[in-house]
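Next come two complexes, and both contain subunit A; in the first it sits with subunit B, in the second with subunit C.
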Partner chain A sequence: MADRKMRILVVDDANLIRLYYRRILEEAGFEVEEALNGIEGLERLLVSPADALIVDINMPQMDGVTFLSALRRQALPLSSIPALVTSTESSAGDIATARAAGANFYCVKPIGREDLAGAMAMFCGVRA
Partner chain B sequence: MVEPKLLDAEDYRRLCEYLYRHTGMAFTESRRYFVERRVEERMIATGSSSFASYFARLRANMQGELEKLINASTVNETYFYREDHQFACLTSNLLQERLRMKPPRETMRIWSVPCSTGEEPYSIAIWLLENWAEVDAHDVEIVGSDIDTHVLEAARAGIFGKRALMRLSPALTDKYFTPAAPEHWQIIDELRQSVRFTAANIVERAEMRPHGLFDVIFCRNLLIYFDDTSRRMAAENLYESLAPGGYICLGHAESMSRISSLFEVCRFADAIVYRKSPEAPHG
Partner chain C sequence: MNEFLEQFLVEARELVEQAVADLLALEREPGDRASLDGSFRAFHTLKGGAGIVDFAAMGRAMHAAEDVLSMVRRGDRAVTAALIGDCLACLDQVVQWLDSIEESGELPSGADAAAGRLAVRFAAGEAAIEVAKTEAPAVGGETPASATASAILREQIALLAIRGEGLEGRIASAGRVAANVFRHLGRPDVAERIADAVTESLAGPERESVARAIESAMESLNAAPAPDPIEPVANRPDPLSRSLRVDAERVDALVSLTGELTVAKNAFRHIAMLAQEGDNPLSASIGSEYGKLDRLINGLQRAVLELRILPLRRVFQRFSRLVREMSETLARPVRLVIEGEETQADKAIVEMLFEPLLHVVRNAMDHGVEPSAERAAVGKSAIATICLRARREGEHVVVEVEDDGRGIDTDRVRTVAVERGLATFDIVAGMSEGAVIDLIFMAGFSTTTDVSDLSGRGVGMDAVRASIERLGGRVQLETRKGAGAIVRFVLPFSVMMTRVMTVEAGGQWFGIPLDAVIETIRVPRHEIRSVGKAHALVLRNRTVPLIGLAATLGWAKAESSADATVVVASSGGVSGGLEVDRLGARMDVMLKPAEGLLSGIPAIAGTTMLGDGGVLLVLDVKEVFTLTTS
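After this line comes the complex of A and B, so read on.
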């Protein structure tokens, strides 16, 4: 696997946040794809699968929870891509809902650079 | 053909009065050379044989001539990270203060007016990405506005020369720009999409109001071009465009206290800024 970069799909509606995550992840050696909402995220994955996902909760058209539920209903290997949910929602109920929908990990924003890159390295099984 | 002596004293006075009524900018005798050159250019471009015929055209605003002359007569020179101590103040103090007062998850709105060719609003976006640890936890809207519609087109295109980038480190230039032409760089698409550009005349209340309320306004090095009356009108319009408790940053040579008593002075470690009272009524 060392001959190619691990690919992360960032699903978030905020331009600045996608750019912020992209720069952190690229500096950490990942390849980054972007989607503006859940629908675009699913379309992206059907065209080119990712090794891991970063998913926001509050997005227009299709939110992160709906996106994850839809993704987990797909066939393997698409359905098993590990997903980090990032959100400003911090209640136990929000976290439980995201987990039930298929989030593997949940981080409350803001997320530190090292934490974001570290989580993706863990998901992809590469050295942080 | 354009006569060598283009405008007599009375012509110049009438022209300045007309421009003043429409822009709030006071063109004094000291800027006469500059203004005459712009008028000369516009006369040639429109094929006007005398100032009188050009002035008639201007007053009738034929084919948007007023806008064209304004575009030619405004000063648009600026650069990235100009007076960045105010951006430092933004990330170390102003945004935290605003977050304390705002309902959670409400968009943080920042206005750069006048924005010229976009250096300031794009600088704010880059500064936030580089220096605000909470940048991913908040929705931020950055709006750039200017009276000059030509500069707005340039701002949207986001192509800059060496001079505009002189204060940015090579690392930041590499990170947020791509080479576009010899000695020119284009700001990356994600940043272009992160800033919204609109036309607005700061002394026209009707053009300012639709922009809504902002948390922080940067209005730097504009009020120095205005006379007292326009300055007061601009100050009132800016005041109305601020959310209660919102901040305004002016250029280093400008002082709001001398213009208007509407604002409170706030001294932070990196900058002196002005604030609309948090108790101010909405609207």
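After this line comes the complex of A and C, so read on.
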């Protein structure tokens, strides 16, 4: 691991999912922050930028796609934060929509423990 | 059947073919990302199609297969024979459904149960794998980590292709992720190069440099000592992206119109020639305009015929699967090698080739390839090889099936021919090896005493030869005792055009397909010998039977002249000389099957319109000779 712990912001409205991600990521040596929807996510990032994001698509108030589009329109370096999008949908259309909004990778739920930790290590540029 | 359903049928069949090919390739090379992605996409697209036509059961089955393949993509499941088998079974079911839709025009009933069975099958496989996975890491292919890395890198390239608002953010984040992936992999040097490309891209108008940097970085990853066997998906050309789907009927209409145009052009040639005869001041310009028209129409005809051209891949692909199954049924390990599948041929040939090829491949598996023990005894590798090969040779397409089995036992062929009453012992004893092998093509010949599961269904090589000859081709057979055999189909590249030599006999013009013509000679009458009622001539120490074409076909008696004009021809293993009154031009004709009254004339392969509006009868040379002997 690098000098400091990498910070991951999880933006998901499902409590169970956030808890699941937190367990896995903390075990893998990451620091985890949570937001319940897009608006909350943006607010958190403006206060303290994360090293990577895990974003759900279907969320109340501001969904993942809107959140990402808004993020990518911010000034650098905030707009460059890597984002992993997670969804239960696996259609090409859903993937294309997420990509157009600025997602760096797309995973269909449920995501395996190793996959999640591995992807975050890659997103943050740290050795597993 | 509604339009959606029709389109669905066409597309689904293509997708099934593609998926089968990809799955088999994946089975051979479990790490091949392109085949994995290809088969996944095929199932995914099939699912989408099923959704559009409201075929929910099929959608569920496709979804189950898609799920399994997507786990493989994520590295959660390894590619196993069972997994490939499940996916193939799923496609088999799809083919059955498609056949049923085609027949009835409606969605099949009872599909829910079948889809349910498939889903259960996939779920069972998953459970078995889950257990296996905890015990041993995935074997072969790529490690899940590098698969994920490559997938993430490719996704960044895709992300960089998007334009519009938020572009800088996307470039910066894609570059950041790509650089971080390489840092994660322990390659900070590569990461720095990508980071530099990002700076450059954000500073100037050059937006592509990040994608290029990632691509070249991925290549360096592949070339590294511990190579990552993944190629970017982008390297695989999508065959559909540059093609246009046109209804076959429209193409045939175009072919037909071009044929009529050719006939009109030929008529014009007649006029141009008439103009040359008189003192017409326009004759020179008519002649030169005809030349242009001739060139253009020939060009058009070639272009139109190319619309009907397909790669033989369509036929060959089906064999990977079939050979695999036959190999299991016979418990004889066989490796299928396919060469030249990109070779192209006319649609009619590609579509008709499957049956005869299947028969030959079955023969090779059943009679050619020895059981493993027998192979080991003679020092051959335990796994037999069957090679399916195609190539273009001038105006021909050559398709071969080669096996490394025991070859053809000519002594056994002799015995069987006598047993089956095809020839007497004296005759077969005196036959050359080549002539003996030709016996295999006789109706009623089959070397296995038992009717086997695979090949012995009463359809012999005679049927194969007949169907290849119907396509205008010929069959050759080569054998090396103990080392294998090659069955070769020599087919015309295009079935539409037949090059004929025109001949006049008894006041009627005929066309003889040039394929059948060996040579034309003039023979002094005194050199023609009478053998009973028949005639023959000696040509380079060989006695060639000679028949009068007009008399044989029941036309008026031929004119008598000092020398006889003879066309020496050969077809379907029969050869001889045809006496004609005079030889005419050679021409390319579009052969149409003889219809109406003409269909009653024996030995006519087809007809074609002549420039002066007359009809040219094109002969079936083999039948002409058969008429004489019978």
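Heads up, the rule we're going with is that the second predicted complex is superposed on the first by the 127 of 128 C-alpha atoms of A that agree within 3 Å, B and C clash if a C-alpha of one lies under 4 Å from a C-alpha of the other, contacts with A are read in each partner's own complex, and residues count from 1 in each chain.
The definition used in the following text is that a residue touches a chain if its C-beta (ideal position, glycine included) is under 8 Å from a C-beta of that chain, and two chains touch if they have at least 3 such contacts.
Computed from a predicted model, the values in this text were never measured in an experiment.
Applying the stated contact rule after C-alpha superposition, one finds that A:Gly112 touches each of subunit B and subunit C.
Touch criterion met: A:Ile81 reaches subunit C, while subunit B stays clear of it. When the shared chain is aligned, subunit B comes close enough to touch A:Ala14, but subunit C does not.
Once the two complexes are laid over each other on the shared chain, residue contacts for A:Ala92 go to subunit C alone; subunit B is not touched.
By the touch criterion stated above, A:Glu43 is placed in contact with neither subunit B nor subunit C. Residue contacts after overlaying the shared chain place A:Arg23 against subunit B, while subunit C stays out of touching range. In the superposition on chain A, A:Arg127 contacts subunit C only, with no contact to subunit B. Taking subunit A as the reference, the larger set of touched residues comes from C, when subunit B and subunit C are compared. Within subunit A, the residues touching subunit B in one complex and subunit C in the other are 112. Listing the residues of subunit A that touch subunit B in their complex gives 14-23, 58, 86, 88, 109-112.
Across the complex, subunit B meets subunit A through its residues 104-105, 125, 128-129, 133-140, 175, 188, 190-191, 193-194. If you check the complex, the residues on subunit A that touch subunit C are 69, 71-74, 76-77, 79-83, 90-92, 99-100, 102-108, 112, 114-115, 118-119, 121-128.
Across the complex, subunit A is touched by residues 44, 48, 66, 70, 74-76, 144-145, 148-149, 151-152, 155-156, 158-159, 162, 164-166, 168-170, 172-177, 179-184, 186, 191, 202 of subunit C.
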